[in-house]
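Several structures are given next for inspection.
In the two complexes that follow, subunit A is the common piece, with subunit B as its partner first and subunit C second.
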Partner chain A sequence: MDLLSLARGPLLKVAIVVFCVGVVWRIVGFALLRIRRDHSEPRASLLKSVGDGLMAVGTRSWPHPEFIGRTGAGEALGYSYHLGLFALVLLFTPHILFLRSLFGVSWPGLPSSVVTVISVLTLTLFLAVLFRRVTNRVMRLLSNFDDYFSWFITMLVIVTGLAATAHVGGRYETLLGMHILSFDVLLVWFPFGKLMHAFYIFPSRAINGSLLARKGAVS
Partner chain B sequence: MLDGNEDLTVGEMLRRHGISRRGFIKFCTAAASAMALPPAMGPVMAAQLIDARRPSVVYLSFQECTGCLESLTRSFAPTIENLIFNIISLDYDDTLMAAAGEAAEAARDQAMRANFGKYVLIVDGSVPTGAGGAYCTAGGKSAVDTLREAAKGAAAIVCVGTCAAFGGIPFADPNPTGAWPVSDIVGDKPIINISGCPPIPEVITGTLLQFVTTGKVPDLDEHLRPKVFFGNTIHDRCYRRPFYDEGKFAKSFDDEGARNGWCLYELGCKGPTTYNACATLKWNGGTSFPIESGHGCLGCSEPGFWDKGSFYSALSAAAWGKAGETSPSKELEMAGAAVVVGAALGAVSAGVARLRQHRQEHQGDSDEPKGG
Partner chain C sequence: MSSNTAAFGANLAPAEARSPQERVTGAMRGYAQEIGAISAFRLESCIHCGICADACHYYIATEDPQYTPIWKVEPFKQAYKREASPFAPLFRLLGLKREITADQLEQWQHLLFDSCNLCGRCSLICPMGIDVAALIEQARHAMFEAGLAPKELYEKAAHQQATGQPEVSAEPYRDQLLAIAARFGVAMPLDEPEVAVMLCVPRTDIEHYPSAVAALARVMQHLGLSCTFRSDALVAENYGYFAGGKDWQRDISMRLIEQAIACKAKTLIVPECGHAYTALRWEAADLYGKALPFQVRHVTEFLAEELQAGRLKLGAAGGGTTTFHDPCQLVRKGGVNDAPRALMKAMGVDLHELKNHGGFSFCCGGGGGVIDIDRAAPLRYRTMENKLREVDDTGATTFLTSCSDCRRTFDDAQAHFSWNKTPQSLLELVAANLAGTANPA
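Let's turn to the complex of A and B:
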């Protein structure tokens, strides 16, 4: 069996199973955790706590006006490469066909040349993100293997995909095989690393916002 | 077939058939062009061929459908094909030759003895090894024994078609006859694979001509195919490629995109991973090729093409099963089971965490100093 057949066949199946098991495991494990009982008198009603929690999802997804000068650039960088990733994953026709083979639905894609430009821009932003992480002392101290490997595997998927599309660095089927193989690795890593933030980010913001609201804090 | 002209040179044969030297140089130039050789190679090839003895060729057919031979004999320019058959001495081909039975076997044995170490062995079809080779026999000999015997005295082996080159359809899962490609049975001879189901006739004749002219095996890729014909993917040379780059795809075989000649990638075209000369040499005298006729490439010149998922699922789609299997029902069941397993593991993890939390709290309570 050649690399492409292996990557898009049995290895993809294994990766999807590990992904499903891992994501559901972590979400269920997270959802069933007991929140430590707060014996203090609530400063807000239950309804307000929940409402403020949902509000926090929006307010925490945008730079605070007071700190926009310090955090704006980083957040703009973060948003830009996430948007690039979404465009690459969801608007490139071969990816849409892959998703159709999984979920049975499809939608119009962008021209390949436009996707190539987005890929190069996203790649540049990825390098900028890494540069920021290693040059900013606080971020460097906060970073561990999880951060760097999550960055690396996502970057690898983009690089191999770009190489396959541009037919650079090898035969198309080998490059496509490496692209899908790196995606398989990403799927396996996803539930157990920081990529899981894709599922956790909004619930955790809502819960934090709600708990803070209960204490009378504005989030 | 043995016709009493075995000792004639190619030039003498051509003169007998009334073909001028000028006409022959034209042919060689066209052949050199087809092989992407410089135009100056045409006269060089002609000069080398004209004084050469016609090489003996033995054509063995095993587990195959005769499509490859049909392809070769239905080439677009009969004069050129006649020329090819006059340039080589086709001493044995059980489908084309007039002789049959023991006479045919005797002709093959005689040609192999007379040209030991010099003849070109063409093999068409895969070689079944199951049941002691009983799935394919001729003249009381199994295909595998015939191949081993014929390979001993061959200067080179040319595997015509995907069955001989990679096992083809007989080799596909579950491979009931234990079929193998020639390269898995013969390991001590130069092998040239001319894959395709069937191969392009000009690729077969061009490769033979190149070998006869130079006496050397041409540059081959990792699948032992001549790079000159198999060096590019069909996708790279496809006239529909600009539509791929523009993101214009036919969604069905009769929609507006199909009528406009847009890219067939979404309909399962395997052009991006298929190496062959279909998009450049084309078929039937350069009339067309499958993609030009409106159907995606099946990837028939690639190893294992029959077992690489549905012909109609896009290359980037997940490969759930073999050709014809389009519904991932088993995989959906598997994903469902994965979700259940994940939920169970999550519940156990949360239970363990809660227990730990409870113990810590309980321990904290008991550690508190007792007031009095």
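Let's turn to the complex of A and C:
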């Protein structure tokens, strides 16, 4: 069995299983911990608390005006590479075909040339993100293996994907095999590291927003 | 452990002497009691973006990364991942997360107590929506169990738990209260058996601002409410909360709860004290184990309700331009945003808001017990410079607030910086402008 067959055959199946089981376990593992009942008199009704929590999912997507002067540039960088990633994952025709094989739905993709440009831009942003992480004293202090490996494996998927579509660096089948293999590794790593924020971000904002709204506090 | 972490030794009371192993065991035990689904979710969700630093006045003032709010709970993030997270066995097996050490905990005392006001500004900036301040409060509980509460907070908490007063006073607070009544010519209802409203006072007001105590009594008298102070539960502050001693916090809260129940109060009024509000309004019921049989209101909140109901009439305060400092525990963490502004509006106050106000206001720098920690003073002064500049930039001639610890912190800054502003009490301004009163406090 060659690399491509291995990567998109048994290894992909194993990776998907690890991903699904890992994600479910990571969420269930803490969700089953106790939830203390809050006996204090709420300032807002349950309905308003929940509603404001759901609103916080949206409002927390952009910094409050009081903070934007200090955080705007960093957040813009963060949003930019995430948008690039979404475009690459969701709007490149071969990816759409892969997703259709999994979920049965599809949508129109972008021309390959556009995707190539987005790939190069996203790669550039990824390098900028790494540069920022190692030069910003706060981020460097907070960073650990999880941050760097999550960056590395995501970057590797983009680089190998770009190499495969551009036919640079080897036979197409080998490059595509490496691309899918790196994606397999990303799927396996996903539940163990910070990539899980993809699942956490909206409920986390909603829960905190609801708890603050319960007190009548700004969120 | 990072070399960036502060090289501070532990600041301990003699009673907190422990072996290193006892410290670690205590911290882990304390933290285990705190970990629930919500706090675990918060710890799980951090993406190490560091944005929380940009909300924290300690980081803004120093640009020192160790003051990044989420870094202040790093040992406990580490402990959670290693001991309680869904993949904890894997982290232990592969050695990805080390056990926390007593040295690490001792170094973190500076970060969790000296350089955090529990102000919660960081909780508003996190793109993941993590309430970082809540995690820090839980970490303080663990530090207390490790015997690592700062000696000033530990000793005050111990004294308050045992006696009801956080420190020995020249005269018992009960006697001081009666002396204030005589000095200001105001009735000071004490130990009434059955009332609608129970009152308590910040020990800061008794010691430093007796006019604020008189103002509270005068306003209640003006409203004609049946109310009382209780000799056995006079003090509003809760040093157990500051020190992280949950059992002591419960004991201190229970004094007030039991007395409020004993006098059948429908309302317990928290005076001008931010942390007392958090301890009583939001945390006391959980420590009590069920809903409180009375409502808890901050005095400004209560007066705004009276104003809205038409039972409180206020005259024009006059004076020049005014700015207002929002105490963090009342506004950002407590939602008491509109009440002080309604009172100021009713008195025709020409309010010039601070650049960062309401929920986004910077802390005075003294919150979380920091004003009581001696070695924290130099850093506290650095953080305060930005706040004082904001106050100056309003051009206001009058500076109001509604928390006596904030007031004390600004008074201290006035002396330290030779600052030309004197913080004043909103409650005292209300008491001085009660419509129909001819005898202002």
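A few points about this structure:
As a working rule, the second predicted complex is superposed on the first by the 213 of 219 C-alpha atoms of A that agree within 3 Å, B and C clash if a C-alpha of one lies under 4 Å from a C-alpha of the other, contacts with A are read in each partner's own complex, and residues count from 1 in each chain.
In the analysis below, contacts are C-beta pairs under 8 Å (C-beta built on N, C-alpha and C of every residue); 3 or more make two chains touch, one makes a residue touch a chain.
Predicted, not measured: the structure shown is a model, and the values here were computed from it.
When the two complexes are overlaid, the chain among subunit B and subunit C that reaches more residues of subunit A is C.
In the superposition on chain A, A:34 makes contact with both subunit B and subunit C.
Applying the stated contact rule after C-alpha superposition, one finds that A:137 touches subunit C and leaves subunit B untouched. Touch criterion met: A:13 reaches subunit B, while subunit C stays clear of it. Contact with both subunit B and subunit C is seen for A:26 once the two complexes are overlaid on the shared chain. Look at A:145: by the touch rule set out above, it reaches subunit C but stays clear of subunit B. Applying the stated contact rule after C-alpha superposition, one finds that A:173 touches subunit B and leaves subunit C untouched.
According to the touch criterion, the shared surface of subunit A, contacted by subunit B in one complex and subunit C in the other, consists of residues 25-34, 36.
Within the complex formed with subunit B, the subunit A residues making contact are 1-2, 4-5, 8-9, 12-13, 16-17, 20-34, 36, 93-95, 97-98, 100-102, 109-114, 167, 172-173, 176. Contact residues of subunit A toward subunit C in the complex are 25-41, 43, 56, 60-61, 63-64, 66-67, 70-71, 74-75, 78, 136-147, 192, 194, 196-197, 200-201, 203-209, 211-212, 215-219.
Listed in rising order, the residues of subunit C touching subunit A in the complex are 2, 4, 35-38, 40-42, 44-45, 47-51, 53-55, 59-60, 63, 65-66, 68, 70-71, 84-87, 90, 96, 123-131, 281-286, 288-292, 295-296, 331-337, 356, 358-360. Across the complex, subunit B meets subunit A through its residues 233, 235-236, 244-247, 249, 265-266, 272-273, 303-304, 307-309, 313-320, 328, 331, 334-335, 338-339, 341-343, 345-347, 349-351, 353-354, 357.
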